[in-house]
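Below is one structure, written out as structure tokens, with a few remarks after it.
Each chain gets a letter, A, B, C and D, in the order it is written, and its residues are counted from 1.
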Amino acid sequence: MIITIKKNANSEEVKKLIKGLERQGVTAFEIQGSNFDVYGLTGDTSAIDEKAIQAHDCVENVTRIAAKYKLANRLMHPEDTVIDVNGIKIGGQENIVVIGGPCSVENQEMVIKLAQEVKDAGGVMLRGGAYKPRTSPYAFQGMQTQGILAMVEARNKTGLPIVSELMSSDKIEEFEEHVDIIQIGARNMQNFELLKELGKRTTKPILLKRGFSNTIDEWIMSAEYIMASGNEKVILCERGIRTFETETRNTLDLSVIPIIKEKTHLPIIIDPSHATGDWKLVESASLAAVAAGCDGLIIEVHDNPECAFSDGAQCLKPKKFKSLIDKARKIAQVIGRDI
Amino acid sequence: MIITIKKNANSEEVKKLIKGLERQGVTAFEIQGSNFDVYGLTGDTSAIDEKAIQAHDCVENVTRIAAKYKLANRLMHPEDTVIDVNGIKIGGQENIVVIGGPCSVENQEMVIKLAQEVKDAGGVMLRGGAYKPRTSPYAFQGMQTQGILAMVEARNKTGLPIVSELMSSDKIEEFEEHVDIIQIGARNMQNFELLKELGKRTTKPILLKRGFSNTIDEWIMSAEYIMASGNEKVILCERGIRTFETETRNTLDLSVIPIIKEKTHLPIIIDPSHATGDWKLVESASLAAVAAGCDGLIIEVHDNPECAFSDGAQCLKPKKFKSLIDKARKIAQVIGRDI
Amino acid sequence: MIITIKKNANSEEVKKLIKGLERQGVTAFEIQGSNFDVYGLTGDTSAIDEKAIQAHDCVENVTRIAAKYKLANRLMHPEDTVIDVNGIKIGGQENIVVIGGPCSVENQEMVIKLAQEVKDAGGVMLRGGAYKPRTSPYAFQGMQTQGILAMVEARNKTGLPIVSELMSSDKIEEFEEHVDIIQIGARNMQNFELLKELGKRTTKPILLKRGFSNTIDEWIMSAEYIMASGNEKVILCERGIRTFETETRNTLDLSVIPIIKEKTHLPIIIDPSHATGDWKLVESASLAAVAAGCDGLIIEVHDNPECAFSDGAQCLKPKKFKSLIDKARKIAQVIGRDI
Amino acid sequence: MIITIKKNANSEEVKKLIKGLERQGVTAFEIQGSNFDVYGLTGDTSAIDEKAIQAHDCVENVTRIAAKYKLANRLMHPEDTVIDVNGIKIGGQENIVVIGGPCSVENQEMVIKLAQEVKDAGGVMLRGGAYKPRTSPYAFQGMQTQGILAMVEARNKTGLPIVSELMSSDKIEEFEEHVDIIQIGARNMQNFELLKELGKRTTKPILLKRGFSNTIDEWIMSAEYIMASGNEKVILCERGIRTFETETRNTLDLSVIPIIKEKTHLPIIIDPSHATGDWKLVESASLAAVAAGCDGLIIEVHDNPECAFSDGAQCLKPKKFKSLIDKARKIAQVIGRDI
């Protein structure tokens, strides 16, 4: 951590500040500059609060050098984390997983039919929303427990592991019992109370979506919350960030793939459906994501998007989903991987 | 709602789409244009899903005209909502409330002392965090129940009503019992499960902060969630939005004040401390907010910001807080209000 | 164009507004809704000013349906534009071009050596900055005319056509004489006076970078400026947009590729070097861009990035550039194209 | 400047990097940390290129401490710059100027009539566009020289100094002869060639608008360009930044006022008309700007906004403009200033 001190600062105040920091276990070194003096702090700075330092009149600014995350940090865990879900591996240097399914589970028949179509197309897991985060209280809120049970039935028929979104901690036990990967949506990425409970009350892998306005560092810190609370099986999922551009629902940020792989050891998958909000853009984004090095794709598939209960505009029909996987597989092979 | 249809569209598909919509209770009118045909839907469109319409091949785009919110809508409730908190009125055309206090409650003595200083300066309510949403799991997470009880003690001594942030629904009863206004932080603005519980399980007013990357419409829809679930006492609070500018923590968007007042009947208050992240900018932002027409300010105050457990950089000392209120009062009087 | 009128509007004002619009050659159709009335305008609305309509008290809002651009519009020109540069074709369904070279031309030897290395690696054009848009007046501003002449010499030795950035209209004749593609940088994308001069005073193709905070529609309108002034040879170039994320210099928006191809008939190339600002991210972004369907890449290459006069951090060494092209070629082949 | 070096870096490469930097006249000090080593550079670092340092494999990151601007820097010029325009003072601690007028000059009569109305309302300068930066080539491009001459005539009749936007350097002499303040629009804020010419070829004050997606630092660097080229009379003007929010045209960032005053000695004025794009929001934003401490306002005024040739939606009628100034004056007096 680097602290820049104003040249005209009260030297007593500076001395007091530095002593206080040293009492927290770090060592401070001073460099005198022409316009500013600089102190470098070495040692474990993860518990030091930049903002309390910044509050001092004598301080011009504070820069953190070492990341605050530890368990998610590639520096401390150089090996890729590979997460095993009923025998399917997510992460590592080899295979890329494709997860498909409807935005919302609408009834048992549709989800079983879709599960089979996802499997036939080359998908290895089934996604489906039973609890839905809707902007409007008047919109369809999901089939809830019945939706989860319909997914379970689809898994029984097809063997595909199931992924579904959890929205509140009182359902953790339901998800622990029935679901194979617990998804946390973008809007709950910084619901810290929920993150802590996920660490404590489930051993299922967590698919943690990036908040649509969260930095990469904040996202990793949310993974760290879950890991520090006891569950290290975290899969990161980029689903587009909010920008000034309104042509797409969000702007898919594929540069996160190499950055996440450098900073962390966690798997990173891409959701092109929510990122673009338009099925016509999904194939282009999916192939790009695979070429960029992602560990998986999670894609919305629906037999009849015009009648979907939610997000119809971004669903692929099963035939297009298959065609996408076929191309994605060849691109994966170019970069030494496979689907 | 306006639906634009491609000129080369399959007319059977269009007919089917329009019939389906009419079955949902709306009436459709057609206008033939040179490059597109347009259908206008009249009637109650609040339950119609734009994205399902967008999913049709024949559709170029869909534009919603009427807002989806009803209970929060000024059109349907022209009178200002005024919320009474132990005799203090928030909203309306007259007084402006100033709420002050520490970011985190650190111990009982400090919060009692600060409450008295807030009151002496002209503040009418006490804020203080007992449950803290921290980006890092390794940072101070708040005094929790002990913090709430310390706030209660401060209210007993000074008479100031208390405002504190709730982070999960399992504490609603604790807050219902002890707190006068329940604050929902920016990161939980779209924690829809929590919003629904607030509507059902408490009658206390809710201070709903704007998510740092949420549009005004999304923010009002989150208020609508609480209202539609049974609690109409919602106070909106702007605390800055996330932009490309890094000089301030967030960018305070004061244009929301006249916009919220036009679109809704709810009170709107401003948090200049979190918006700017820098105490040196708080006075300027506060005076601007009052001049712009806000119904209140919520400001962080601390006797010793350098030692604050959180967000020290943005705390005002009590003396500066008093000086700010004195200026703000005179500006309020220029525009026909008072503090 | 759709105009929404307030229910309580003065009917005389509405009548006057609609008559005024009809005098501009469009036809208006009315739809009466429950909360609003709606007028649809058909005919050529490209010269109608939304903001003047919006200025009327009776108007709630105005929505444009048809795009304002004509010459760039795919609807009116369904065939792909293919631009021929000394026999190299940019655009269309087949080949993808790779352009390489230094950020700044530093001296004649370096640019000749780099041109040869670019060619050996599989690049088909040479880029190099002679006039440099630098944020600081104290930074290296480019070799200017000497830099252009050094590029010409490199073309003489290698046969590679040259691309360089023009910053002011008084150099158009110099560029017309020496350069094969004239680049317009992101910061000049809305320098409308310059755009008009490019239409009038040169027949060379224009590589028009997207402003880092411009929407897709604004970008196409800037292409339209050049085209409407007489030069239809415009190549669009995405180089990242400005967002809240600070981990990368900009956020590369690859969804523009299918969108530009749907809305316009112009070629679209990608600049991964400026978008990411970090050579370690360039290969991932380049492969993604090819998979997403771009018509070309423009990449910074330098023998000795540590000593580059500008933007060293984002330059690839020639060996890495070659390896990138080799992979990109295989991905191009997967989607039926070639490099 | 602070350079962070990776722990596993090649020590020869580090040595070479540091020696190279010392040859550029700075002194380097080393601090060994647990995860990284840190070098602090002291001396004049303004010409050192961070990106060339960043290009080294051994470097983790580079942080600049001292600002790159000198002439605009408050540290080196503690006194406020006050710019005298025909006896009217812009900047300093006392008066606040209000500039009013139409977006576009439409004919001589209208601008003379408006000038008188602006003056009667309390405005002290006249704004008016003669050369218009329009997104569409098919929109009205301004009256050009005839517009400037109409403004001159309005000055002759009323005595109000005139402000107009310059879009290309070939008109500098026309503006030098006729105009009192030369406005540079947001889209040209980083048209560096134009900025340099303004420094060399005119002594008139420059009103430099902030680019709608430029950081405060970039904005000051553009002022520095003009100043370093010979013209130190720069007035900064905030007109809103581009964010995800679409309810307003741009988001007005009033926190720039205290920040600009801390970092520079230049005057800062606010343009609420372009920032909000909606006349109904202009008064609220103007009063807020005055309360926040701005040195002036520039506001669009039109007798007949519904017929304005451009930007009708954001124009105030003269009567509302007068009422705004009357309120703004009282707020100015609260904070010890006057209008």
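The rule we apply is simple: a contact is a pair of C-beta atoms (placed from the backbone, for glycine too) under 8 Å apart; a residue touches a chain by one contact, two chains touch by 3 or more.
Worth saying up front: this structure is predicted, and the values here are computed from it rather than measured.
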Chain whose Cα centroid lies at the greatest distance from that of subunit B: C
Pick out whichever of the two, A-D or B-D, is joined by more C-beta pairs in contact. B-D
Subunit C and subunit D, separation of their C-alpha mean positions in angstrom: 26
Based only on mean CA positions, could you tell me how far subunit A sits from subunit D in angstrom? 39
Could you tell me the distance, in whole angstrom, between the mean C-alpha positions of subunit B and subunit D? 31
Residue list for subunit B, restricted to those that touch at least two other chains: 213, 242-244, 246
Per the touch rule above, subunit C residues touching subunit B in the complex are 2, 4, 29, 31-36, 38, 40, 42-44, 60-61, 63, 65-66, 75, 213, 242-244, 246
For the subunit D and subunit B complex, residues of the former touching the latter: 213, 215-217, 241, 243-248, 251-255, 257-259, 262, 275-276, 280-281, 284-285, 287-293, 327, 330-331, 334-335
Could you list, by residue number, the parts of subunit B that touch subunit A in their complex? 17, 46-47, 49, 51-56, 68, 131, 133-140, 167-170, 187-188, 190-194, 196, 211-213, 218, 221, 224-225, 228-229, 242, 277-279, 305-315
